[in-house]
Each structure stands twice: as C-alpha cells, then as structure tokens.
Amino acid sequence: MKSDKLTFGILGGDKRNYYLAKALKNDGYEVKLCGFEKLSNMSCEVASALDSDVLVLPIIPFEKGKEVKSPYAEKTVDLSGYEDKLKGKKVFTGKREKFLSEFSGMEKETLSYSDREEFSVKNAVPTAEGAIEKAINSSDFTINGSKSLVCGYGRIGKVLSEMLRGMGSEVTVSARKSSDLAWIKLNSFQGVKTGYFSELEKFDLIFNTVPAMIFDEEKLKRIKSGALIIDLASSPGGVDFEKAKELGIKTIHALSLPGKVAPKSAGEIIESTILSILKEDDG
Amino acid sequence: MKSDKLTFGILGGDKRNYYLAKALKNDGYEVKLCGFEKLSNMSCEVASALDSDVLVLPIIPFEKGKEVKSPYAEKTVDLSGYEDKLKGKKVFTGKREKFLSEFSGMEKETLSYSDREEFSVKNAVPTAEGAIEKAINSSDFTINGSKSLVCGYGRIGKVLSEMLRGMGSEVTVSARKSSDLAWIKLNSFQGVKTGYFSELEKFDLIFNTVPAMIFDEEKLKRIKSGALIIDLASSPGGVDFEKAKELGIKTIHALSLPGKVAPKSAGEIIESTILSILKEDDG
Amino acid sequence: MKSDKLTFGILGGDKRNYYLAKALKNDGYEVKLCGFEKLSNMSCEVASALDSDVLVLPIIPFEKGKEVKSPYAEKTVDLSGYEDKLKGKKVFTGKREKFLSEFSGMEKETLSYSDREEFSVKNAVPTAEGAIEKAINSSDFTINGSKSLVCGYGRIGKVLSEMLRGMGSEVTVSARKSSDLAWIKLNSFQGVKTGYFSELEKFDLIFNTVPAMIFDEEKLKRIKSGALIIDLASSPGGVDFEKAKELGIKTIHALSLPGKVAPKSAGEIIESTILSILKEDDG
Amino acid sequence: MKSDKLTFGILGGDKRNYYLAKALKNDGYEVKLCGFEKLSNMSCEVASALDSDVLVLPIIPFEKGKEVKSPYAEKTVDLSGYEDKLKGKKVFTGKREKFLSEFSGMEKETLSYSDREEFSVKNAVPTAEGAIEKAINSSDFTINGSKSLVCGYGRIGKVLSEMLRGMGSEVTVSARKSSDLAWIKLNSFQGVKTGYFSELEKFDLIFNTVPAMIFDEEKLKRIKSGALIIDLASSPGGVDFEKAKELGIKTIHALSLPGKVAPKSAGEIIESTILSILKEDDG
C-alpha cells in the first residue's frame, strides 16, 4: 500500500480536524470528512468515511461510549456497531488507550500522533503564541519593557522565551539541570534554578510550563502587585490558584491553546505527523 | 515653580488617565483624580481638582460642550462655569485646538502631550503589541512560520517588524524613501517599495501603517485566500474595506490600541511626556 | 545619455575600486580599470580610461599633486596633463573639494559619492563588522556573556549595538537626545546619556562612535581592568589614547574598516551609490 | 575534604591554564602555577605545585614522555620521577587515557573535564565566535546580507547559527534528524537535510560542524565562486581540502578556537567545570 494513494476518513473533532482534512486534500489525498456539517460542504456518512484506508479521530477519541465529540456536527458521530468495518484499518487518535478501551483487540492498528516528539515540538509554537496573546490581552502593561520569568526550559519554555525576548521583554528562564542552565545563559537569558527564585518580586509576567506545584503560598506572597501568572502546564498545573485568588493575584490557566489560537496550523501539524508515521510504516 | 512640588488635577478620561494618576502619586506628586468613581477610591470634586497647578484632560478633551468624556465617572465632569479657575494653570490635553475652541484666550497655558515626538515613539510599542495580539487572535494560523508584510517604516513599522521577526515570521517591509529601504535591508528584512508589491500573493499577514489608500481593489484581488489584513493607519485607513468584504478578505481596522491593550503603559507614557515638557518649561 | 549605456573609467584606489569595476561589469557596463596591474587582468592606460563617460577616483582622490594613490598599480596613475580630457566627463570621488583644488573649474562635473546618506548608512555595516572582528580578536574573552557599551546611536551605533546583542553581549547604548534614548529603550537596550556613565566600571567592551573627546582621564580611570576600548570615530577620535596607555588600558583606533574587512561589499556600495546618483541626474 | 579549602597546582599548558589559575585565585583558592614564567609572576617549582590537593594539566597532558607542553615556561615541566607524589591527588586533564598511559594505576584519581557536557556546551561559544571572526577576516564581503549554510545542529551549530543571524546573515541550517529539522524551522531558519543541499550554489559562507566527509568533489563543484568554507569539525574535518584547493575554493580548517580567541573565557570554563566535578564528588 503506497502512502500517496491512501484514502482518509476524518471522524469528528474540532477545527483542527477540519483543517487536517483541507491540508490532506491540498496534498492530493482523497478525504472523507464526517461530522462537520456546520462548517463545511465536505460532508459524508460515518459508514462511508469508514471505507477509507486511514481513519483519524480527535486527540481524545470519545465523549461517551463510542460517540466522537463533534462540535460542528449536525448528526452524532457514533462508531457503535462498526467494529467490523474498523478491523484492518489504520486508526489515528491522540489517547490511544482510550480508543482501545472501547475497541479491544485493535492494538496493532491503533496509532497515536500526539505521543510523537515531532508533534510536541511543533505544537510548542501555537502554545507559546497563545501565551503571548494572553499576556497582551490580560495585562494592563506592554510585554516590551516588562520583566518576565519562564519556568522550565523544555519545548514550550524554549519557544516562549525567544518570543518574549523578540517582543522586547527582559527574560529570565528557570531550569533544574545544569546543562539546561548553561544553554539558558549562552542563549543570553538570565538563568535561575527552578524553585530558587531569588528575585521573584521583580517579575511582571510569570509563565509556568512545569507540571508540578511551583507557585505555592510562600512564592505567591512574594509576587509583585499587578503581576500576571500564566500557567501552561496541564491540569492541575503548577500554581495554587485558590491561594492566588485570595492574595489578589491574577492567574490564567491556559490549556489546549493550539486548537484555540491556530487551528489551521494545529491541523497541519497533525497532518505532517500522521504522514511521517505512515511513511516510516510504509518504509 | 519647581516641578517636583507641583500638584496635578486629572479630569476624566479612560484608564490611561487613571494609571497616569497612579504613576504621578508613585513619583511623589500630589494628585486629585476626578471622574473615576467606578474604578478608584481616589475621588474628588471638579472644583477641588481645579485647584491644582497642572490640569490633565484626555487626548480629545471634550465630548460635547465643556463636558469631559468620563466612562468611569458617576457624576458628569463638566468644566462649564470654571473659566476663571482655569486661568494661569497649565492645561494638558492631546487635541489642543479642541480645548481652545471652548476656552479661547488660553493659548499660552494649553499644551499638547500627543504632539510630542517622545510620545509617538513610545506609543508605537503598545500599538505594535495590539497588532500582534490581533494577528494571533483573528487568524487560524501561527505568526511563527507565516510570511508577513509591514507597509511603512515609520515608528510603528519599525517596532512591529522587529516584533513579528521575534515571533518567527518572515517579514517584508515596504517604504518609499531609498534611505529607509537601505535601513530595511541592513536590518535583515526583505524590502519593497510601497505600492510596488511584486509578491503580494505570498503574504499571510498584512499590516498597514501608511495613512493613504494602499490596498485598493487591484491590490486586494491579488491577496491570498485566508490572509488577514490589519490596518493601523488612522481613519479612513489605507484599505478599501468595502471591497475587501466583497472579496471575502478578512480585515481589521485597529485604532487607539495603546489605551485598549496597555492602559498602564499608556498612562505612564503620558506621565513621562508631561514631566519632560514641564521640566523643559521649568529649565 | 541613458545611464545603462554609460562607460566607466576607474582610476586607481584600493580593492574597493577593483570590486567596483567587477560589479559594474557584472551589471553589463563597459569598464576600463586602470592602476590594478598587480591584481587584475583588466588593465589599461590612463588615457584610454579617460575616454569613458564616467570617471571614478578613490575617496581621497590624490596622493600628491595629481597622482592617484594606487597600491595595486605597477605604473603611476597620474592625471597631470589630462585636464582637457576630463572636461565634460562626470567625475566621482569622495572628497570633492580635494579634487577641485587640483582641477578648478570642474565644479559642475565633480560629484561626491561619500557625502550621500545612502553611502553612509550602508557603510555602517562593514564598519560594525570590523569592530566585532577587533573585539573577538583583541580581547581574551568572548563577546557572548560580556557587557558592552556603545557610545552614540547614529548609523554605526545602531548597527553595531544590534550585532553585539546578536552575538550575546549585554549591550548598553548611550545617546544625547531624549528621542534617541526612547528608541534605545524601546529596542530593548539599556540606555544612558552620553558622558553620564554611572556604571562605567562594569563594561568589558567599549565602542565609541562619537567624534568628540568622551573618554578623558577621569573616565579612563573608572574603566575595568582588562576591558578593551575600540574607537570608531574619525581622527582624532574620542579617547585620550596617551592617557589610556599610561593607565594600561588596551585601546584600538579602528579607521577605514569597510575597505579593510569587506572590500567587495564596500565596492558594491560605491557602485549602487554612483548608479543612484546617475539615475537621478538622468531622471 | 571541603572543596572550598582545596589547593590547586596548575602544571603547564597555554593561556587557558594561566587564566584558570587567575580565576581560581579570584574565587579564593590557593593556587600554585607552574610553567608560566614568561607570562606571570605567579611561578613555582614542579615539586611545590605537586603538594596541592588538585592538579590540573592541559587537555592533552603530555608532549613526549611525562613532559607537559608549556609554551610559556622557561624550564621544562616534567613529571618524571614524581609518581609517588601524584598518588592520592585528584588529577584533571582532558585526554584522561593519555595521562593513564604514563601513569598506570591512577584510574581512580584521574578525571577528565573535557568529557563533560557542560564543558562542551560552554566551549561552543568561543568556537562560534572564532568562526565569525574568520568569516569577517577571510572573506571580501560582509556577513550582513550574505547567505550562509551551517552544517549540523549540535552545540556549535546552534550557537553559530544564532550568531550569524544576529549579524544579519540569511542562515540555512542542515541536520539529519527530523526533530532537529523541526527545531530549525521553528527557530526561523531555513532547514535542509545534511547532504541533500538543493541550493548549494547560493551560499557565500559555509560552516561545517559535522565530523564526516560532507563536502566531497561533487559538492565542491557546485559551490559559488568567491564563497568561503570554514570547517570546524575535528581532524580530518568534513571537507576534501585538496580538491577544494584544486578548484580554487577558499577553505579554512579552524581548530582549537577557544584557546586562541578567548583564552580567558576558555580558562573560566575549565574552572567552572572542574569545580562542578569536585562539588559533586564532595556531595
């Protein structure tokens, strides 16, 4: 089966899957898009979409049972009863184990695009842009001329700290590993060991990317009045939000930014990841 | 009259004047803030505010007659009847001639802070950030990896093009003067003569800062589907908005961004401009 | 006379004029190059070169009398006796008045390319790169991680400060005008008023672009041991070099960098400037 | 043994070890520096230096036998006969196995500072600066406005590509891994797969960091006339230098740059690496 002759069935999901379908079409693939009646004139029945070689579901495949979350659908996208049709297809989703809990025995055919390094690296971009947008939107001051702290120098931390500098903020980055701290310094940022924030009171903007409780009561108490904390770490995040509220500190827990601020880019990232996986598989 | 002993009366306006008052207080000045009952516990009567040495009105001083636009006031801020109290004060506003049309004979005492080079340069920052925010918010794609065009290399064009590059866009800048084009190239942007856009079809994001009709029907027809035009030039702007709508091109005419996206920074810019003017005057 | 049919005679000079000749040839012009026997197989007699429409001499046209400085010539390039042949030609040089002191009465035909804004802007680039090279070469430390001071925010100061930041230095820029200081801050540099250097002792690298005595004894005494001063201002420069030597401070007075570090780029800058002038003239 | 009470004996080496000694002294350690009579007034006998807790030799410990390469020494620094004194000391060098081939049985006491991640990361900076300096120095054109290719996106490639962009070059970076290529794109560089250079003819500057034959005859033939190749990969490098010479292509094989362009920084990198190792050991 040559990858450039594959047909794709996209089943439900948000605008990312809509743009995924468009991107695949633009690249010459045959695509059936199911569950987007409100958005698109590409429309089809579930049964017909399942006739494709490759099936793509949202990151979280099901809302309840075998029903796919489809905010742009007029009819429910439900896979119940189609167990046989799925056999032998390649099925892409994000949370593979959630799919398998409904369709046991399909371990071999089920693939995750969101586990892939390439996917995470590329999604750091829309995440960082979403964070920048929140910082402009939800503060009373400009990023330019502000002092900002980025906690964590993983993928998002790396992209975000460069963008903040590009906007004219004076950026401090925190990390735990000494080799990360060497890179931080060499990339001309101020570096500080995560948790050991000697100058916490100076920051106007604080971004957290570390999935651990970093900003507890003790730290929150040292934060400057008027500062904004944007937490990008997945739930429960790295900030004691209740305590922050009590102390009058403005916080935003910003999740799932790629689909929100750049669904087209996010859809194209899914496309390139899926095509990479298929190509290797093909190889 | 030594400038560090001056007292200030701030009369009406939006959040910028609120933050102007805070900034002046932080710098040790005595301030009376009038017309912000909904926002602040600094509150006072018009008559009392007028007892100050320096009076500050919004950029556009009056809404109708001698009434100051005061969205955060509970009582109207009206200067009618106070003609005598104003004599001999220094009065700051933006549109000086609008103030003088109500208060003739005060030419000597009335000063504009918005005519000042320093004010315009500094306001380019919140304007550019507002434009970045719109670009993230109102497009389906990321700035990073996009191709963008900035028309005009004045204050806003200079700041905006650097920020777009800092976000990872591939930036082309247009200007008319050959020395501006030399600077554009030397600052490592693609340069093009304004109006002579040979590759208009390649841009995802188009920002206009030139107050002249640049994007007419002929040009709009060459713009890529899905592209976003953000016009920052004061009304009527540089885009044929009706034609764009007909052609299905998304446009945003973004005006007065500083007060919207960064009222605190904008208030501090007003403060530093006013203090500069007073200092020179004092000298 | 259409500019694209012009013939050029290049008479003497250093490698810049050699590359000027190459650039003109590449652009399709007929060129006679005189005084470069040691470098080139394009070679010709003075008399023959003077038969061209446009004549180009070095920035400083004569070494002594009417003899052109020609380090790559085997025979002297001497214009004595050719007064009549020069009449009616366009003659380009840098120091126009030096040419006219030998050839009086040619005011109309004699043009300076180095007086031109475009020429100065573009030459800021090779000057700044030469300064960077000296800083790498003549110091014991890396630019990355250093603290540097750039005095003056004119053309060279603007280009140099960006390059230093691009290399990873923490850059402070000095200027006198408050609008320049606003730009410095907004471009995310530390700004300081020229002469009022409160933290002179912190800098590892000091670059001067201001043609006035800035670094006198009092200032030199405050400079950190091991620091390097690179003076880019034309003679006598802005540093008390003798006093610096006494104090054991390393200084470099770096002049005429474009011709030294990037003669090809410098020659192309001369070409584009001359062609711009001819085009306008033609216009 | 508390690390802050340690005494250090530095034996031979180039300026890096001289600056290492100065840095340790500045940090309050007792240091004996041996083999630098021509440079320093810190001077001592080999036997006395060996009385220290920690001994530091150059990266390549011996020139011949047990003699340490010491370009700044007046007397030979020879460790022959001191086998017993070395026992129980901590000995730092770069090439540990070369030291052990002369002093067998000292495996436990002998440590390499150059094997350490932190050391390599930090040394990427002086290496990249040395490459920039060569590019300015050995080409006829400016980096600003040039098109450059950086082969390899390891430590040196990362630092160098940022610096080249900071100087105003249009930078393409090559890598083999797809996740590296994702990072390259996201950092706003042009990306290309190493070896698959579709546009080799466009580059003015080519930097190689990959220790494998990349620029063979076929590739060299496609390189633009006047371009400069700077090879930073350790011997034998990644360029067919003989073939390049035949083809008239200018090449530079630039090795050991840190010690040459920034011995002070290089010495401080050795210091911080050694202190990190001792601290962990101590821990």
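As written, the chain order gives the labels A, B, C and D, with residue 1 at the start of each chain.
By our rule, a contact is a pair of C-beta atoms (placed from the backbone, for glycine too) under 8 Å apart; a residue touches a chain by one contact, two chains touch by 3 or more.
Keep in mind that this is a model prediction, so the values were computed, not measured.
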**OP:** Please decide if copies chain A and chain B contact each other with the same set of residue positions, more than half shared, or with different positions, and reply same or different.
**Re:** same
Original post:
With respect to inter-chain C-beta contacts, which pair, A-D or B-D, contains the greater number?
Top reply: A-D
Subject >> Averaged-CA centre spacing for the pair chain D and chain A, given as whole angstrom >> reply: 39
**OP:** Calculate how many whole Å lie between the centre of chain A and the centre of chain B, each centre taken as the average of the chain's C-alpha atoms.
**Re:** 35
**OP:** Would you mind pulling out the distance in Å between where the CA atoms of chain B average out and where those of chain D do?
**Re:** 51
Subject >> Interface hub residues of chain A, defined as touching at least two other chains >> reply: 125, 144-145, 159, 162, 165, 168, 186-187
Original post:
What residues on chain B touch chain D, complex-wise?
Top reply: 144-145, 165, 168, 170, 185-188
Original post:
In their shared complex, at which residues does chain D touch chain A?
Top reply: 117-118, 121-122, 124-125, 159, 162, 178-179, 182-183, 186-187, 276
**OP:** Quick one: which bits of chain C touch chain D in the complex? Just the residue numbers, please.
**Re:** 15, 19, 125-126, 128-130, 132-133, 136-137, 139-145, 159, 162-163, 165-168, 226, 261-265
